[in-house]
Amino acid sequence: MNKQTSVLAYLSAKNCSNQWAFFLQALGKELNEAMPAQDVRVLMRQIGLRAGAEMPLSDCNTVKDIQAAANRYWSEFNWGWVELTEQSSSLELRHFCAPLLQAFGAQAQSWSPAFLEGVYQQWLSSLGAGQALQVRQQSELDPEHSFIDFRLSL
Amino acid sequence: MNKQTSVLAYLSAKNCSNQWAFFLQALGKELNEAMPAQDVRVLMRQIGLRAGAEMPLSDCNTVKDIQAAANRYWSEFNWGWVELTEQSSSLELRHFCAPLLQAFGAQAQSWSPAFLEGVYQQWLSSLGAGQALQVRQQSELDPEHSFIDFRLSL
Amino acid sequence: MNKQTSVLAYLSAKNCSNQWAFFLQALGKELNEAMPAQDVRVLMRQIGLRAGAEMPLSDCNTVKDIQAAANRYWSEFNWGWVELTEQSSSLELRHFCAPLLQAFGAQAQSWSPAFLEGVYQQWLSSLGAGQALQVRQQSELDPEHSFIDFRLSL
Amino acid sequence: MNKQTSVLAYLSAKNCSNQWAFFLQALGKELNEAMPAQDVRVLMRQIGLRAGAEMPLSDCNTVKDIQAAANRYWSEFNWGWVELTEQSSSLELRHFCAPLLQAFGAQAQSWSPAFLEGVYQQWLSSLGAGQALQVRQQSELDPEHSFIDFRLSL
């Protein structure tokens, strides 16, 4: 590893609370063996929907408001931050520095981001996004990237 | 609440990492609705068995050694501490200050301690406890108590 | 120690960030040797005045508002909480669960609470308390107590 | 800021405990105004000497042993890590990810690294470095760098 890489690796590892990392890693391994990845993905999305419902976004009139309200929660919980960009037929969400890889490990990369998918789905639906609009993960969670892309679209 | 009670409530709440409490509360609610408490209990015990296997106890010749080795992990992870007492036909384990109630909520008290049951089962089996010896929870996890009792016996 | 006492001792100790406890203990020892306790006390009060100025209290019309605004900072920083009570000729402030004893040690109890004295002085002056009104510590910081009393009066 | 830079800035900021950052920033400002930078530097070095004495390094026969023993403390306290390199007439120490800049601010860069200078001085003297050998800071603490260089030499 070069210097920059080891600094990022160190800071990313320490950024995940060691009170729960040992528990979450064991949880991830157990879920990986107990059910197909697709089912764990559905479970994580469900958990995200519930977590989103416990973190109401209020007084959001613009995309910028939504981003600010979301980031108040993410900053409080030390879950990184999100950047929202409006496109003609979609809303793009780029989430930086989520502690998912440190918590659940590389083995969980096919399902752990579904938690954030659920949170964003819940938030955007509660703000009036039609039922036909779905949040879907667009990029991998891997050690090379410090962000994950999601998209709200038909 | 009297003063002592509110101090304990404050310190106990802050003692659970807020990076994961919001996630674990949503996880607990989802599991509560998705399956019977007995199945969640089995899942938590499985997770505990896995976590215990990742935290090997080495060089333990006495009950006191086991207690010290266990508490090195619990202190590092801020999971409280355990006190072990040998009885004629059992080993008693009293675990103080686990962050389970803060993490999973009162709704999860019937199953969340099974995680510790699994960890202790794995540790004691790996140190030579016969297959017939089982770790079982002996007391409730509730806000009145800051400890949970477990017992290794036939 | 009985059970309750060891639980409180454990939670209080863990409640002070171990990233800085080793630094602050050494700082406290150095200050204790380098200057008289009264001078360290003045230094701590100065630091508190500065810290208070960096944490403005806004929109406070009542004592209850002040308490709520103060506790938003204390909760964010995990510095316990304060309870304010208006008396005929004074304002009483009782601060619970400050991490001062864990950080600076028992040797510093004659001066470490002056930091909070400074913060409260700054806050109450900025909200309009006359220059003649001073915040003064009223009770000891010791392991038997989980709070410190301050008073704003002539 | 580009993406990499903002990720590093975020992780570095969150890596300093927010329980003490507000206190340490006020402490730094007060010291900056109360005495010349050179005197604060001496104070910080003294604090480092004391902190080092509280963290004994044992069983170190090689430079690699020293590095490992030092990093057990730094990892436990989340103070980054150090890399030691032996040269013909010096020992080079490169300390990564110390939370000094986040704690004391850019205004303190002329004196805050003296704390680490003191710790390393104490450690290396206790391991037998002659009194003539001094640890001295060799590089700046600035946002562009995630490490500080020290050297033990005549």
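Labels A, B, C and D are assigned to the chains in the order they are written; within every chain, residues are numbered from 1.
Just so it is clear, a contact is a pair of C-beta atoms (placed from the backbone, for glycine too) under 8 Å apart; a residue touches a chain by one contact, two chains touch by 3 or more.
Since this is a predicted model, take the numbers as computed values, not measurements.
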Shared touch partners for subunit C + subunit D come out as none
Among the chains, which one keeps its Cα centre farthest from the Cα centre of subunit D? B
Go ahead and note the Å separation of the Cα centroids belonging to subunit A and subunit D. 35
Subunit A and subunit B, separation of their C-alpha mean positions in angstrom: 28
Could you pull out the residues of subunit A that touch at least 2 other chains? 78
Would you please name all pairs of chains that touch? A-B, A-D, B-C, C-D
Give every residue of subunit B touching subunit A within the complex, in rising order. 16-20, 22-27, 29-30, 34, 43, 46-48, 50-51, 54-55, 76-79, 99, 103, 115
Subunit D residues within the subunit A interface of the complex: 3-4, 6-8, 10-12, 14-15, 78, 80-81, 96-97, 146-147
